[in-house]
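One chain, chain A, links the two complexes that follow: it is found with chain B in the first and with chain C in the second.
For the complex of A and B:
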């Protein structure tokens, strides 16, 4: 097999990945009143319709709040756990690591059923709280993996220098460790937010009747009929979940460049 | 308290919130549904605690459940093989590409950030009766009436491949990146053809990544109910759809508990076999 053949294959794989998504985005600006081909003209009317649709706006709000709370809780827990795993020599390290990533190893359906039935048994019924618990549990392992990977790169001696100059452990954490940690915290939080914002498998089990997140709203709309609003909503979702990390990446790259330049001019 | 003792306690204080959350929201609930699966839903609809084997007997002997379980494993297996065949050359291309590698990698990560439900539904616009393919074929005069290509087993597999392919490519890429390219050169200088050195040097060294990607594809594929619900017909239900039906539609929670534990057991055996031979560490390389 020659290299050109491999390149052609890779291009086809990329096309397979992205063409269907491009079609969704393309159809979201279709003027036709049916959410499908043929294209009859370009129009933003379906985005307008989106912002006049109360059900969709409610779902969007629920998803944004749920995603943000999940990100805050998961990132806080995940950063603390990662610090312990990276910075200390602890006994049973492997067993603890495996336990912390266990939610990835259990199929999400099983995790959803177990959490639902257990909390229901304890008297915590389907609610926003249950949704939040659920989203925290399956985003936590991803946050820990991402944050751990970033933490390994932060050197310890800067902290030791601060302490030897008389800073208390608290002062050291807030003035030295935390600023150095910021990229890791941001990456973990962003990851948790997008996973939560995208989730449908667990959410359909945990959500109370009448409450919808964006993915479950799309799922419900798909069952009735294909309305062009779904395409607009889908495009909006792509912008949020793919646009945010891309923006984050761009910002961190620009900051790194500026730092480099500042370093050179000194 | 001595400084050493405080030092020794610190990591546990940092770890305890996460460990508590995972124990209380995952480990205990899974143990709880083991017990719960032996309870029984009575005809009036409430759940009677006790030790009844009825749910397990149904789950393990009912032909309907067994057929769907086998079909689920078949679909997951086909999906995994297709992902490997499509993904390996693509991963090889990214790993060995000279040009814009960062862009290729970014494009590889992008699907992970695009919603699963959107990616699944997008196939309706490609294959549906008023989708791109039908519109194009009608325009070209190949067909007069749109044909329904959706809602069958093939489209379920197609949707799953579209969802899982990035996991495969990423894992294979990570392991190919770890293969020293000078080994291939060495094989070449010893007289091996490019194809021989690939088969005997590169491929074996990248097998751990292929296995990790395969495991992820299989486990995630076998555990889904959204793809068959969106892209499958009424007869294409997978095992997780049964769990969803039992819990959400029929409200037979003990039965749902038994069915989900059966799924966990089948997929758990796979994860354990994998862990025995390759260790879970390989899996984390691709995820982290």
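For the complex of A and C:
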């Protein structure tokens, strides 16, 4: 009794979580017609089919553009909002902070319907811009939380020192504050990208007719049949959403290590 | 022309007055210390000079130019902060050269000035390192180099030694004074440490509760305190309430309890115009303990019982009791200190006393 059982239990939990993902990846290289076991041989034919499928490529392009724009807009707004909340004594600071974080707490369906009804009320038609707008709303809290935490850790006197030496507030931001914020900005941007890239609930409500993102495309394809192409697409998504943060982490480690070496050299 | 002039500057935060209207003239090249306990308004005053806070009222001039509406980055100041405030993502050379980027200095010239500044603070070999690789004392030297390389009109030092440990602090104190003296920059130094203030300053501005208590050179502030607060903040003093009976022939006669009439030199009692309530200020270092039967040598003395002995190595601090009154004395140790319970004589010279008005 005791440790061996707990260990076994832990292994089972991990299997339960990761086996479905492993199955998807495994079946994506299955040669068989059907997306099911037993495997009949290794093949990249489903990836090939994927890259010949115009609808999927269009969806992938839409998702990448949407995710990138969401990341850019969210981090820009997020950095500005964090600066205002942390560095300036603005009125109703707590209320504004809570409001900006609120989209995390509200169920996505509710948020999606609410925005849709609001747009209808205003008489605005659905468009790609509005889809982007929606994604920004629910990725912004993540960016703000990450950037705010980092900004609190950047001492005010470092910025004051830069200004005393002749840098204007704008120059101080770009030469001191922003470089020190970079890890948080990058993390926030990655968050925003992967959340947007993965999102289906809000996207289903907000996307204009004819526009599909990868998740909505998969959803549409599943309604007809479970094609092995979906396994290949799933694998691709896993690589993108898991690979990007890992890549970011590796790069930031590298940079930190290089600085440390420079610090120690005579 | 004075380097810095404060005319009736005042700072209020809501209903709270952090600095009551104060005026100060700082001559070119002087080292002036704002001294006081935390919350006395010294840092607020410094930040107003820096342009990091706007005064509620009053005017600030630097080199004859009114700077109230001039933002910090146009004031040409060097600031050294308590926690160094080096840029962690820039090398030491980039840190020191930062201010030169915003001035018309050629690349070669900038490199030379950075090198000179690093040599001045005795750290010429760290140019390529990053701040995190340096010790606290080294970081503060770099911060000083960064502040003086731009040849500022005024150097502002906000408790620059407080984050360093005790031994290093004393070395840095000497070093800082040496550098300031060498380049002759007008400096405003903020500290709560009376030893730093006394050792480094040309003028000390003692502050308390947002008000200036006294302005003067170190010896004057130390020997002739203008208020009870100053007497107690700079070193330890015994303050005895008494009565001034006469002011004549360069002395002020103070009738004090325990000791009878004490003739205090008039220059140490500038605020006592004539007879009335007065306080006798008797510095703990000037109150000498001697054996009970020692001759009194014409000093003023009385018999006392040693209550507490606080041994400090080269000196010892005694608390002695005379009747109902406890007195403090700090004496150098000659042979061996007195013990608790000993009956001794405490004695002092009248010219070592100061007097303050009031009951």
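The criterion applied here is as follows: the second predicted complex is superposed on the first by the 251 of 266 C-alpha atoms of A that agree within 3 Å, B and C clash if a C-alpha of one lies under 4 Å from a C-alpha of the other, contacts with A are read in each partner's own complex, and residues count from 1 in each chain.
Simple rule for what comes next: contacts are C-beta pairs under 8 Å (C-beta built on N, C-alpha and C of every residue); 3 or more make two chains touch, one makes a residue touch a chain.
Note that the structure is predicted; figures quoted are calculated from it, not measured.
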item	value
Superposition on chain A - do chain B and chain C clash or fit	fit
Partner chain in contact with A:160 - chain B first, chain C second, else both or neither	second
Which of chain B and chain C A:254 touches, first, second, both or neither	neither
First, second, both or neither for A:222, with chain B first and chain C second	first
Residues of chain A touched, compared between chain B and chain C (which is higher)	B
Which of chain B and chain C A:125 touches, first, second, both or neither	neither
Which superposed partner A:20 touches (first chain B, second chain C, both, neither)	first
Superposed model, angle subtended at chain A by chain C and chain B (C-alpha, nearest 10 degrees)	100
Contacts of A:168 with chain B and chain C, given as first, second, both or neither	second
Three-chain overlay, closest Cα atoms of chain B and chain C, distance in Å	6
Residue numbers on chain A that touch chain B, as the complex places them	1, 6-7, 9-10, 13-14, 16-21, 23-24, 27, 34, 36-38, 76-78, 80-81, 83-85, 87-88, 90, 96, 98-111, 113-121, 133-134, 136-137, 140, 142, 144-146, 148-149, 194, 197-198, 200-201, 204-205, 214-215, 218-219, 222, 226, 230, 234, 237-238, 241-242, 245, 249
Residues of chain C defined as touching chain A within the complex	50, 52, 71-79, 81-83, 85-89, 91, 98-99, 101-103, 125, 128-130, 132-133, 143, 146-147, 150, 156
Residues of chain A that touch chain C when the two form their complex	155, 157-158, 160-169, 171-172, 176, 179-180, 259-260, 262-266
Touching residues on chain B, where the partner in the complex is chain A	10-12, 14-15, 17-19, 21-22, 25-30, 32-33, 36, 86-87, 89-90, 92-94, 106-107, 110-111, 113-119, 121-126, 128, 130-132, 134-135, 162, 165-166, 169, 195, 219-220, 222-226, 229-230, 240, 243-244, 247-248, 253, 256-257, 260-261, 263-264, 267, 271, 280, 284, 287-288
